[in-house]
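Below: a set of structures, written as structure tokens.
Next come two complexes, and both contain subunit A; in the first it sits with subunit B, in the second with subunit C.
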Partner chain A sequence: MPMIQRKQVIPGDVVAKGNYRYGSYIEKRGEEYVALRVGLAEVGRDGIKLNPFTGPYLPRTDDEVIGKVVDINGFGWVIDINSCFDGFLPASFVFGRDFSPATHDLSSKFRVGDILGARIESYERSRDPQLSIRGEGYGKISSGEIVKISPTKVPRVIGRRGTMINLISEKTGCDIRVGQNGVIVVDGSPDGIVEAIKAIRLVEAETHAPDLMSKVEAALGGGVVGGN
Partner chain B sequence: MAGTKKLIDENGIRLDGRKWNELRPIKLQVGVMKNADGSAYIEWGKNKIMAAVYGPKEVHPKHQVLPDRALLRCRYHMAPFSVDERKNPAPSRREIEISKVIREALVSAVIVEDYPRTAIEVWVEVLQSDGGSRVAGITAASLALADAGINMRDLVVGCSCGLIGEQVVSDLDDTEDKEGNGDMPVAIMPNLGLVSLLQVDGVYTRENFQKAFELAIEKGKQIYQMQREALTTRFFGGEAQSTEVEEAAE
Partner chain C sequence: MMKKNHVVESITKERMVQLLASGKRLDGRALDQPRNLNIETGVIPKANGSARVTLGNTLVLAGVKIATGIPFPDTPDKGILMVNAEILPMSSPYAEAGPPSEDAIELARVTDRGIRESEMVDMTKLGLIPGKSVIAVFVDCNIMNVDGNLFDATSYAVVSALRTAKMNRYVVKDDKAVATDELIPVPVERTPVSVTIARIGDKLVVDPNSEEEASMDMRITITTDDDGNICASQKGEASTISAEQVLQAADTSISVGKAIRAKILEATS
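Up next, the complex of A and B:
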């Protein structure tokens, strides 16, 4: 079985022929597997994968996202998750099952404009995504700087098993939280934040450069920036 | 047919020096607008056209929402300064029709089922107009859609052909469009081998129709190569396709 690495494809290109398992952004037409996006395709033992270069964020169940409260209604919070769909965080997920709009005040918990870390509880094509803040680390994010990147570049910013994000975090002494929706919150010393954002922008600009890690490392310099 | 003689001389050379089957020079650029989700710019002869894509985004007004697929909206518009005599900026009958046909040419390539309950907007703005602006608009708009990262079965590429007297010619310019005897804009999806736009005016013999149609497809495939190049330059830095194929150790 031939293996293909980093094949540049545009919509309509045939990635491979034969019989494979295939992931998103690929369509099967008879024997052929066709790319639906601009990106790099890989064919290996575990089938055909396409890493797209651009595209909107579409919610997926269990994604960790960072969003902003844009509206409060009687039953929960409407959250902008940088997607074509608004997320909804039901009040009963926050106050518990005995929630009643008469006794609980939603704005005492989160107000319009608050930034939240949340998880996509459920999403299907017929309904807007439902969010949840159950679990450690979810909920209101009270400090930090927000950086938005293309959602397709999130995996590179995180790096393999989080190596990239750990590198930037260690070098700058910042706390960095990456949402799958392309929203990143960087928190730390002012100098550290500036450096970390620079590094993130570098990853964004040179997403598919070979040996990106060492480039980022060089950009951040040897010493520890801003931290102590 | 007073103008026919002037348009193509006895050596078969057209007014701008092209042979019957030659294209005007084409320049394509992808990702030219920062605030659009996807964009492209095309210069095709004297045409200068910008295409921008926004979305997928929420549909307003809400009653237009399609529960199972995206709503593809398209607007073709000519800037007031795009023609010799100032054009009224209000959408004309012609522009509304071209918007419709561009939408229909693109919608068969876009996988609208992947984006239910959303709207995808395509804006085609003609900054300077020469003949064949609808096919140029389609060519640019499909690049803008690819730039926006919207799932597509194939790119769409347009090219027009026509008649001068009884001679089939490719890629009519403004004068040839107005003075010639027929115009046939065609849009194709080259990998799928499908036609997504076919309009014809003028009177064709069977042979000429066939010849013009086939010429449009042939020229369309040529322009598709330029589209590929424009996308490659934008996303892969113009480097040549470098595919490493290894035989797996088995």
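Up next, the complex of A and C:
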């Protein structure tokens, strides 16, 4: 098994020297790979990764996000996707190709304040991300409580192959939906929701603690139902 | 793209209204319970007086500057008091740099009115040479984090800063006001406390946070003094309020104000 070295870095720190493949938030200066963010750097056989501790959500095509309708214009809905960019859901994606602003009423579908599960259809730097609700499970979310976490912590909340989120979900009996943009909708019994939010907050607070799974399990109490 | 207003998620608002019907709030407070209030004074060494106030997550910094000035023609023997407030662009995603917004102007005016109309500072003691020179008290507030109810947080910051402010004693020599080295407190007579109450549906809630503010139908800010006299009030937002609810709000502002006044007095004495 390849050794993975992890270390906390601040901008300017040299993460590694040599020849590696490297991802975002890292810059190559000569032989040295320099961190550009505060975060946890991972140096493994297959390259260098830097997971920043904080940061905005940067949209990527095919990400599943949860957004909030903040505005309606003639051609679609403006969606707050907890990012530095606003998402846009074109009306033609919802009403079909024969959409016309004169005959279709956009607010009959989604109103300002509605929560949507959506997919990033396309995104490039020169334009705001375009959303789509085509596909199963996308569209308006009509119940539940909203929790916002830092988008950089989403992978930990989900866990390896969804173990963390399944654990919380099974222990609390809640339906939990996590958007890649750091917006989470928790639905279930009132007590279950409170417990689930507590667990999510715990994961957020102790993102980089070792053995986080068992900590969360202990916080939720009782024997293991599913988990790993 | 610019975000103009805080839009509350419709499912959150639904829950808020549901909970309010049973006398509860989203953050677990009772309807007439303000958030945690924390007051620190003397935080700006170069100002005559200062205070940093947190009300929940709302954070306000107030500073007092005292100098001599020319009195207004209609009050030649009274001092000058000016309260100003600015909402910093970093305080909220909805605040923008540039000339003050309508909200910032209203905030400054409502805070100023509460201090002025309660006659907190005895302006007659600030006169020096009638018609020529008086003591001017400037209070500048910076809103550093916005989480609803800026009116009350700012008012508490101003009151705390004024109560702890020290100024030079001025003497009149050869028809000129001269500052001496002796430091004296600002002539504070009363402790006004403003309490903001929002109406969401048919329920009145004290000290709304930003989620509640974004869902409220109307709000009323009432300032009371030590004896429970109402000295200023301001109603905001488009919707109306019934006569009974005005009376209810007035009673609440007096009772809640009493507890808050005790906290301010404790932090500033």
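By definition in this document, the second predicted complex is superposed on the first by the 218 of 228 C-alpha atoms of A that agree within 3 Å, B and C clash if a C-alpha of one lies under 4 Å from a C-alpha of the other, contacts with A are read in each partner's own complex, and residues count from 1 in each chain.
By our rule, contacts are C-beta pairs under 8 Å (C-beta built on N, C-alpha and C of every residue); 3 or more make two chains touch, one makes a residue touch a chain.
Model, not experiment: these values are computed from the prediction.
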| item | value |
| --- | --- |
| Greater subunit A contact set [subunit C / subunit B] | B |
| First (subunit B), second (subunit C), both or neither touched by A:Gly74 | neither |
| Which superposed partner A:Gly113 touches (first subunit B, second subunit C, both, neither) | second |
| Subunit B versus subunit C as contact partner of A:Gly96, first or second or both or neither | neither |
| Touched partner set for A:Lys7, first subunit B, second subunit C, both or neither | first |
| First (subunit B), second (subunit C), both or neither touched by A:Ile146 | second |
| Touched partner set for A:Gly30, first subunit B, second subunit C, both or neither | neither |
| Where subunit A meets both subunit C and subunit B, residue numbers | 85-86 |
| Complex contact set, residues of subunit A against subunit B | 1-8, 10-14, 25, 27, 34, 36-39, 45, 52-56, 58, 84-86, 125-126, 152 |
| Subunit A residues within the subunit C interface of the complex | 68-70, 78, 80, 85-86, 111-115, 128, 141-146 |
| Subunit A-touching residues of subunit B, taken from the complex the two chains share | 37-38, 55-58, 67-68, 109, 111, 115-118, 146-155, 189-192, 228, 231-232, 235-236, 241-248, 250 |
| Subunit C to subunit A touching residues, read off their complex | 1, 3, 7-13, 15 |
